[in-house]
Structure formats: structure tokens, C-alpha cells
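The next part holds the structures, each set out as C-alpha cells.
Here come two complexes built around chain A, the first alongside chain B, the second alongside chain C.
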Partner chain A sequence: MRTTRRSFLRLAGAGAAAATVRLDAAPAFAQASHAVKLGVLAIRAGIAAPVGAAGLRGTEWWLERVNRAGGILGRPVQLVLEEESSPKDTVERYRKLVLQDKVEAVLGGISTGVTLALGPVAEDLGTPWLSWDGTTQKGVEETMPNPRWAFKSVDNEVEAIVAGMLTPRYFRGIKTVAGIGNDYSYGHDCWQSYQTVLKRYVPDVKFVLELFPRLGVTDFTSHIAAIQQSKADLLMCSFWSGDATIIMKQAAAVGLFKTMKGVFTTAGGVHDSLKKDFTPEGLLLGYNTMYFDDPKGSPLLKQFVREYKAKYAEYPPYECDHAYFCAESYKAAVEKAAAGGTTWPERAAVVRALEGIEVESLSGRRSWRQDHVQMCNFYQGITTHRNSYDFVTIDPVEVVSTKVAMKPAGTKLFDWINSWKI
Partner chain B sequence: MTAHVVNVVLSGVFHASILFLVSAGLQVVFGVQKIFNLACGSFYALGAYVGVSAVGWYLEAGGPPALFIAPLAVAGLAVGAVGVVVERGLLRFVYDRDETFQLLLTFAIVLMMEDAIRLTWGTSPRSTSGLYLTYGRVGVLGTTVPVYNLIVIGASLAIALLIGGLLTRTAFGRIIRASADNREMAEALGVDMRRLYATVFALGTALGTLGGALVIPATVAMSEMGIELIVEAFAVVVIGGLGSMRGALVGALVVGVLRSIAISVYPELEMLLIYLIVIAVLVLRPRGLFGGPRA
Partner chain C sequence: MSGRFVLALALGATVLAPLVAPTYHVLLMLPFMAYAVALLGLNLLFGYTGLVSFGHALFLGVGAYTGAFLTSVFNVRSMETILAAAAALGALVAAPVGALCVRYVKIYFGMLTLAFGMVFYTFVLKFYRLTGGDEGMPFLRPALVGRSLEDLPKTDYLVGPYYYYSLAVLVLATLVMWRIVRSPFGLCLKTIRDNPTKAETLGIGVARYRWCAFVISAVYAAVGGALLGPPTGNVDPTLAYWTQSGNIVFMTLLGGFASFFGPVLGAFVFIYLQDWVMSVVPFWRLIFGAILAAIVIVAPGGLAGFWVRRPPVEASSP
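Let's turn to the complex of A and B:
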């Protein structure tokens, strides 16, 4: 078999599982001796590699806990890892996971460019697929409204909608807004959604500048010069990787936020690189769907943050919880479908059980909507230096549910926003 | 208005300074070894990561923050030695091969370096925290500029002058130019080509790694940061002329400043404008502004 860097099988999970499952707890079914294989797709290279690593770490943490507690229906769980890269290659690896490795379900998928292609394949192969962060949206509109096997992440633009709702609350009197985002679907969709929402709350707001640098740019000094020149009251930025840190640093260097308010919808993905030295207080900062320092966080979140910090010397970003939820909801659905028994349920019964299921995840209760979209909370707030870290956190913490900030099943995004009663 | 123009131009010149160092590395290697080194961007990324680590160690050891630029520059230059390993270990086997092999090999180095960086420093972006503002800001004709940006611009200019001096006023420079002009003749006259190639490649690498190290306080290190720069470096060498150091300087300024103006005036044109100029140069003056007859 040809082994490449893109093809690797993590046996450690199975090894750990075998070592930790109590033999006396194993049910007396022949199949109980087999490990349950779950496929995992994680981005390993490029800009989104840290996001992929976080998802994988969240899944591995879940795996250790579950195997220590006896697995799923008494069967230890084993992960089969594959890399998420281009849509074409990832589809091939997805097929390999299902057809060759014979996994029970596939977890993962981050880039919507990839997961748009995975959706129909998952339907075709008839194996549950639970996406961490990818949707099957083209732009802001759904392409697979009634999937059977595909379970998708929250809509890409929710963080921008939440920021649009919170902007008028924290920054009264805003009249002009400049925007910067990456030059691909996510950046443009977030900007458009943010504008539409803000316009609902502040009808006379003017959008005076929009910049869309390519993903991967590491020098924004020229962009910042243009932003300064626009003299906008507020800058909205949807960067989510190292570029969020870079623009913060370079903006601070010219004192941009002394005169301008700032909204960073997703920079919480790289939160611990937003050092106090250059990240000012008073910005609206989004952490997406998990805030590691949530004062109201559950014991599960606190334990996870503690152990993650001890193991990786950093604080976990939201992707960990997308991944944890996918794995945990799958386990809950299998147990629900088994209806108290120990016979492994049919895959069709598992996906039926997943619909509407709600479980405790790291950030709190999360569920799958009936149309297979993930439901959770978004965390945004105002940056503060009052903490024990060398980076900013947020206070107050605004928690906004996807029940209010994500378009309901079957609706068009902008029609929905324009139908709000404000 | 003046303030805004100064702001835009200085932003462009800052970008051009880094672009010049990487392009200069590309030019010196192409000039002598006739290899188009795609890995120049990876050396830039390597320099950035090594710079982050070096500054981290320096500060942990109690070094005064005001002098952080010293360990940064030393680390950036020192890691250029990796060029010798790459040249002796890989490149020397393809000098007589088709150009396609050389391109493929340097592209393989890009991929390997990206993975090596990820293995060594992890996947998360790395930064030097708030050192960027150690030297404060200064007002220039009504606009505020971080002093560090001016230091980088100055350093880049100094390096350009040093390389110019090295190539035109030293025996080593004459050997380099002679070998670039006619390798067989230089070899027949007793130039040790193996040594020269290793030295030139190390010099080209060191320019890239130094560029990466110098830029890091103003940005963050990401394993794929080099790829972005390679694309712009291509434009620089086409505009300036393949193999010409003066071309690298002028090309970098053209690309850096035009990019900055485009972002400020009509952001959608950012890359289009640069490539329109690349096309114009290719059509009207295929050897670039400073390219020699053989370039």
C-alpha cells in the first residue's frame, strides 16, 4: 500500500481504547469485540491547519473519555484519520473511509468549498456524515435543504449577523462603516450579511469602504492606510486566521482604534495571539461557538480548557467544540437508536435519532435541527485587558443562540433578515 | 491629502523593502546558477519563524527589548546557512538537467519546508507580541508611521547598497559576475564552481531569511506565508529583469507602491494593476527594465 503524508491511520486511539475498556463491562455480543471505526477528516496544511488541529484535538479528547467509560454500547472507538484538502481529493478519501475502512460514520469537514462537494457523496454512500465547520451552502443559500445522511455546521454568516445585532447596542451613533474580509465566499458573505443586518437597526448608516485582500496576505499596511483615509466611524473585519492578528498589530501601530471603533467577528479563532500589547480594549470580538473563558462555563468546559492548556500550552478555540459535539451527538444517537439495548443499530436508525437530538457539549447544550443543521450559541463581547492572560478576553460576554441569529429552515437569508420586526 | 499620499507611499515602500530582499535572493541565484528558485518564499517563512524563536530566547535570557533587532538580524542571517545544505544536498544534482527538473525540485523544497516548519513550530501562527511598537511611532508629513517600518526600509536600502558594492567593487563580486556571464570560462580560469555555487546560494537564501526575520515584528509567522510572496516576487523579477539586482530594487518599488496606491484608490485592481504592468513589460521589453541581453 502506498503511504503518503496525506494518508495516515491513527492506531493510538484503538490502542488506548483496548487498554482502557474494562473487559468485564463488555456485553456478551460477538460484535462487541470489534472496535467502532469513525472516520475523521481534518485539514492539515495551509491557512486552516490550526483549525483542523483544534477539531482533531477536540475529537481525541472526546475519544479518550468515551473509551475510558466503556466506549459506545460497549465497543471501543477507533478513529481513522484522513486529510481534508481539495474537494476532489477529499471526496476520494471520504469514499475510501466508507468503502475501504468501513467506518460507521465520518466526522469533520471545515472548508465549505470541500463540504459542498462532500454533501452529495455522503448522501450517495449512505453513511452518516457530521460536519465540524463546513456547510452545503452556496454563498448564503442552502443547496441541500433535505439531506438524509449529511449533518451540517451552522451557517457561515451567523457570526456576522450576531455582530450586526450587537454593533448598534455597543457603538451608538455609528454613521459610517468600512469593511475588510478575505477575498472568497466567506469574506464577501459575512460583509453582505453584516451590512444587511446593521441597515435594519441603523437605516441611515453608510458603508464607505470595502477591502477584500487575498487569503494569506501578511502585510496590511496599505489596507490600513486606505481605512484611515476612509475616516469611517467603525471597521468591520471578518478575518479568522493569523491575518486577524496581523491587522490588529499593524492597526495598533498607527493608532487606528484611537479614532475608530472595531468589530472582529471571528478573530476569537486566534484569540490567544491577540496580545494586550497591541489589541485595545473596547472592540467587539467574536469567539464563534465556544468561549474558553466563559464565566458561566460548565465543569466539562473548565476541565477541557484545563487539560487542553496542559497538553498543548494554548487555550482552545471554538473548533474543538464543533468537533466534540459531532462525536458526542453521534454516540448519543447510537445509544438512543439502540433503545436501551446493546445491539448496534442500523445506520438509518442512527440518522433518524440524530435529528433533533440535544447533548451537553463543551460550550453548553447543542442540538441538530430537523433539517440537519447544527444549533448552538455564539459568543461575542467587548475586549478587555482585565484578566490574568497576556491576551485580551471579552467582558461582558454576549451569548446569542442560532435560534435567533440563523435563518430558519427553508428561508432565504436576506428575505428573512428584512422580515425582522425591529 | 499630503498626509494620505505619504501614508500610502510609505506603506508601499515598506512592503517593497521586504519584497526586494526576497526578490534579490531569487535574482542572485538565477544570475549565477540559472535556477529559478521557487523556494525563496519558503526561506522567507523560515527566517520569520527562526526570528520569532530567536527573539523569544533573547527576551527570556533577559536581553533589553530595545535591542531585539540584533538577535533578529543575526538569526535571520545565520539560518541562511541552510542554503548550503540545500545546494550541496539537492540542487547540485540538477544543474545540468532540464529547467523543468529544477523547478520541480525547488517546488518540492517549498512543500518540504512547509511541513518542516509545521513539525518544528506547530500549526498556529507565531508572533513576537508587542515588540513592533518598541521604538514607537513618528510623525512624517502629517501621517503616523511606526519607527520599526522606517528601520526595515533603511535596512533594506543598506543591504541593497552592500550587495551593489559587493558585486561591483570586490574580487568576489567580479568572480560572481564573471561566472554569471560565462561559467565555462570562469571555471577554466580556476574558479571553484562548487564553492561559488554553495556561497551564492547561501547568499540568496540569507537574503530571504533575513527578510523574513526583519518583517516578523510587524506581522505573524504562518507556515504558508512564503507562497504569497513568491507570486509577488515573480512580478518583481519580470518587471525588473531576471538576474538583475537593480531590477529587483526597482521592480520591488514598482510592485510595492503600485499595490498600495491601488488598494487606496480602487482596491479591486490591486493584483490586476501589477499584472497589467507585467504584461506590458513582457510585450514591450521582454527582458525587463534592467535585464541583460541574455537574461
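Let's turn to the complex of A and C:
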């Protein structure tokens, strides 16, 4: 068809009119449908990479569910992933997420060495940051007691405190204890907290040995020899990564736990590598905030475990729960701040809504305390071989709330423990 | 394009960056400028003296921890004091370390510097009570030229006053290094690099000159380390780890150690390339390493080698 001047003008006019309509409609359309960007910081290399991967998987599972159900206030959710590495580099990635990618909130952060640096940056940039597993504690004391934008994980030493509470219940008559933990703040803080708590329950207990091998060490032969030599009644170990499996194997080789009780505060993080071949029954084992095989677990947990197993051929560790909770609580806070409306709330309103909010997470009901610290349950119990897996599980399952095992806001840890009435 | 024109263009762009570039990219310029200062010093040792140090993160760490101690323990907030103290401590640590290391050359020198670097790393990691161990120490916001600037939001502080302060330090460090390498001292270093035996016979105290170069390079690295602290706000042992030493050697190779500005260019390309690759691919280390290796293979003289005029090929004799 030949284009005449008249037909061209008619076409151009129609195009201009259409363009005007689109331009008018564009903001409303964008408001309703453009994706909500959430930044995610996950460790992807090194010894903590499996922990980062678990957090990311938990977040992705949440994302699929939420987007299938229509997103948040009708907007689909999109994740922008960056890596957690050194404090310097992670601070730069955090700034990129907020300043360059314009995310609405940042989820993630595992290493306290990193999150100590992230906290002030989050406060400066005025974007909500919900930490999976990192605190802003220096040692066992809080450095940011009144943050506005930073939401922090459970205090690092809670699992050691829970183990300290449960030790006298399951291992009566303990007189001497040896300890082994990684040579960094977590290992030292857990050991110190465990000793303080146990001393409250068993005043005459003696701590006869403490060992702090470097994180990443894979040969514990000499450490095990020293532990045997100490003739302690019980070994407390706060390993949380593959080294927990390794020490268990090497301890089994010399029959260490035939003569000694064992407390592994955090080894539940690598629970499905603790095979029955070398992991004895009768140890106290901690799973942090989620026990995948919880007999009282919710349908949500059971569905998650089933789908996680089908997808990754393994059973989920606790980091999935931290990550799921952070994402789910953010969604709930946005909806609460919108107060039934359809407009997207201000970030400040979302932060206010997060304070004290309680949602259903994989492990059950979890909440944010008013001072932006996670509240949840900790799962520990005695290892058993009576299950259908090739690794140990726990029975009975002890569930201890952070309401009793975590220092209240504004208190000093050891003052608080020493104030307990036992 | 003449070198001076390129330099003027780069300086002009750096001055204008906070006014025109996105905030995030301006923030990335801060570690670039800090590393650039450190690399000017490292290249005095590497490019001009012929000694490759695999332990210079030690001095980055000394500078950064000096700032952290002064601001968070002694409440000294003056950046000028911090830089002066970092330089002095850098020299103080470098004096004995250098005295031991410069007795050796090539791989032995490299391994010794690496060993001292790891000794310092272990020290800051293990002495929890003093250094905060793996949790590090806060580097509180320093005052610049007597102005506290506490009222400014941190990002505004960083992309405004702190940016231009870092740029001023970099320009000053460049001018001083320019004078050093063109002084008789600098010529002696080049002679030592090219032929230490001949230098010795000419009456140049080879060990003494190498030691001086080592101490000067340490001072530069310490100043660079002190500049790295405020943007992160926290100083931790990873800053002193051997991978940091590896990174700064690689930046030097990438930019070209044969050129005065090569390492500075290397720092710029390294930081922006890493930033880009990190966001694009999950296994960025693999890709980043491959890209860097490819650049080094294609440009063995470093990126600055592209600007250096090659000598004309001599006509082959009949």
C-alpha cells in the first residue's frame, strides 16, 4: 500500500494519541506491576559457602511461594544477589544494592565480622537490612543497641547457653569438662558462655582443657590426644561446619565417646553428614533454630523439607529458617504498614511495622524484638540411631526459647547469667 | 595522545566524578585512590628496585589499624594525625623487617615478606583483646583539615569531603614519588635493579638503598591502608591477609610496573572490573581470574604498555 501524506499524518496522529495514553497510564501501571527488588547477601565461597547456599535456598523457596501467590501488595518480588565476603568488599556490595540496584531492603549477612561493619552502613543508607545470622555484637556485648534500619540475628552465644542449661539435665555427675572451638570470636564466646552457665548449675565443675584450632583445620589428631589425656568427663565442641564431621570421625577412630560424654552445640548445621557409622548415640546435639525432623513441626516445615530433599538431595539446615523468616517478616511488615491500602509504604513505616512483628517461619512462630533482634526457638537433643536415615537425629527434642536463653535488651551477658535464680 | 594530555584528562574526570557520576561509582573511587597510594610505593620496590614483595598487606594493615586505634581507642579524629601516625608506624615496622628482607632477592625476598605479612595477620587475628580479632575494630569517622563533619550523612561525607581529601593525598603522594624516582636516589635504585653488581662497584650501597626503598614503600602502603579505613568503617584482619598482598601485586602487573602510572591504572581497572564481574556471574573468581590472565597475556607490559611507544624495529642486516 502506498503511503500518502494524508495517510501518514493520520497514522502519526494516531501514534501520538496512543503514546499520550501510554504516557498517562505508565506511572499507574508501573506502580502496580513493577517488581519489588530485594537485595540478598550470601556467602558463596570458602568454609561457610554451604551455610550461605542454605540461606539462599530458603529465600528462593520463599520467593517462589510469594510470587505464585501474587507477590507483595500485588507486586512480584525479584532478588538481586550479591556475595558476602570480606567486610570491606561486602560493605561495597551492600552500597551497590542500595545505591545502584535501588533495592527496597537487603536480606542476609552471616559472619559477625562482616555484619559489624554492615550495621552502621545500613543505618547511614536508610534501607531496611534484615540479617540472617550476623549480629552487631562485639564479643558477647551489643554495639548497636538502638538501631533504626538494622535488624540483627539471635545473639551468637545462645546455643552455647542452651547447651549449658541442658548439660546438667542429661549428664548428671559431670565434674570435669574439656572444650574445643574454632579460634575466632564465635568459638571463644561460646566456650566462655557455656562455662558461665554450667558453673551456675554445677558450681564445683572444673574446666580442665580448652583448645582453639584455626577455622578450616582438618586434622584433629593431636587435639583428640590432648582431650583423651585430660580425662575430662565431657567434651564441649562448638564446631559448626565440616570440621564437626571430621572431629566426630577422628574421635570415633579412637573411641573417645566410649569414655566421655559429648556436647556439640552447633553441629546440627551439618546434621546429615553425621553418619551413624561414626556418630554415637547419647551426645547432646544442637540444631540452632530449626530441626528438620521436628515431630511437632508445622505443615510448612514438612513441605519445605520434602521439596528441599527432592530438589537438592539433602535435608535442610537451620540457615534456611533464618533466611525464610527475614523475607517473610519483611513481606508481613510491608502489608502491615500498608494497612489494607494498595500504595507501597514508606521504608520508615516498614521498619516500624517490623518491630515486634511475629510471623510463621519454617521452624514455627518467630518474631523481631523491639530492639531489632530475632526471637525464636532453639532445638537441641540427644543423638539417636533409631530413625530411617543413615545419620543421627535427636530424641528427645528439647525446644528452648530465646525468651529464656538470650540476654534481654540492654543487659550485659554475664551479669544477666549471674543474676539467674537456680 | 600525549601522556600529559591523558593524565590531565584522567585528573579532570576524577575531580568531576562526584558531580556527574552515580554515587556508587564515586564510592568505588575511594578504595581505588587508597590502593593507588599504596601501589605507588609498592612500585618503587617492584618496578624501580626489582624486588617483589608478597607481604605488603602488612603495611596496609598497619595503616588501617593505626587509624582504628587512634579513632576508637584514643579518640583522635584528625585525619592528618592519623596519616602521619600511619606513615611513622609503617616506617617503624618496615625498618627491622626491611633490614632482614633486603639481604635477599628474588623468591627469597618474596617469601620473607610473605612470612612477615602472615606474622602480622596472625597477630591481629589472635590478640582479641587488643585488636578485636576476627571482628576487627571500628574506624570512626575522621575529621578532615580540622573539620569534624559529623553532621553530614556518611555517604555525603564519603562522596564529598573525604573523596577530595583522598584525591589530594593521592596527588601529593604522586608528586613526591615522581620526585623520588627522578632523583639521584631513584636512578641508583634503577641501577641496582638492572645490575646490582655494577651498582656495588660504582659505590652504591645496594643493601642500604634497597632498605630505603622498602621503608618508603611501606610508608606509602600504610598511608593507603589508613585511607581504606573510613569508607568501610571497620578494620579487620582480612585487610592484612596474603590475598591482599597478592591483589596489590596483581594490580601492579595489570597496570604495568614499567610505567610510573601503570600500577595506578591497574588499581582502577582491577576494582571496576571486579565490581562488574561480581555482579554478573556467580562464580566470579573464576571468570575474573581468566580475564586478568588474558589481559596479562595480551599485554605483558601491563595496560600502560599500550601507551608506551615501542622502539623501532631495527632493520635486519643483509
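The working rule: the second predicted complex is superposed on the first by the 392 of 422 C-alpha atoms of A that agree within 3 Å, B and C clash if a C-alpha of one lies under 4 Å from a C-alpha of the other, contacts with A are read in each partner's own complex, and residues count from 1 in each chain.
One rule holds for everything that comes next: contacts are C-beta pairs under 8 Å (C-beta built on N, C-alpha and C of every residue); 3 or more make two chains touch, one makes a residue touch a chain.
Just so you know, these numbers come straight off a predicted model, no measurement behind them.
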item: Chain A as common anchor, with chain B and chain C clashing or fitting; value: fit
item: First (chain B), second (chain C), both or neither touched by A:Leu116; value: second
item: Touched partner set for A:Tyr315, first chain B, second chain C, both or neither; value: neither
item: Partner contacting more residues of chain A (chain B vs chain C); value: B
item: First, second, both or neither for A:Pro87, with chain B first and chain C second; value: second
item: First (chain B), second (chain C), both or neither touched by A:Ala45; value: both
item: Which superposed partner A:Tyr389 touches (first chain B, second chain C, both, neither); value: neither
item: First, second, both or neither for A:Ala253, with chain B first and chain C second; value: first
item: Which superposed partner A:Tyr201 touches (first chain B, second chain C, both, neither); value: neither
item: Chain B versus chain C as contact partner of A:Trp416, first or second or both or neither; value: neither
item: Partner chain in contact with A:Asp277 - chain B first, chain C second, else both or neither; value: first
item: Superposed arrangement (fit on chain A Cα atoms) - minimum chain B/chain C Cα distance in Å; value: 5
item: On chain A, positions contacted by chain B and by chain C; value: 45
item: Chain B partner contacts - residues on chain A that touch it in the complex; value: 5, 45-47, 49-50, 52-53, 210-214, 216-219, 221-226, 228-229, 241-242, 245-246, 249-250, 252-255, 270, 273, 275-278, 314, 390
item: Residues of chain B defined as touching chain A within the complex; value: 4, 7-8, 11-12, 14-15, 18, 114-115, 118, 122-125, 127, 129-130, 132-133, 137, 144-146, 148-149, 215, 218-225, 227-229, 259-260, 263-264, 267, 270-271
item: Of chain A, residues touching chain C in the complex; value: 44-45, 81-83, 86-88, 91-93, 95-96, 99-100, 112-113, 116-117, 120-121, 124-125, 138-139, 143, 183-185, 188
item: Contact footprint of chain A on chain C as seen in their complex; value: 22-24, 27-28, 31, 125-126, 128, 132-136, 138, 153-155, 228, 231-234, 236, 238-239, 275, 278-279, 282, 284-285
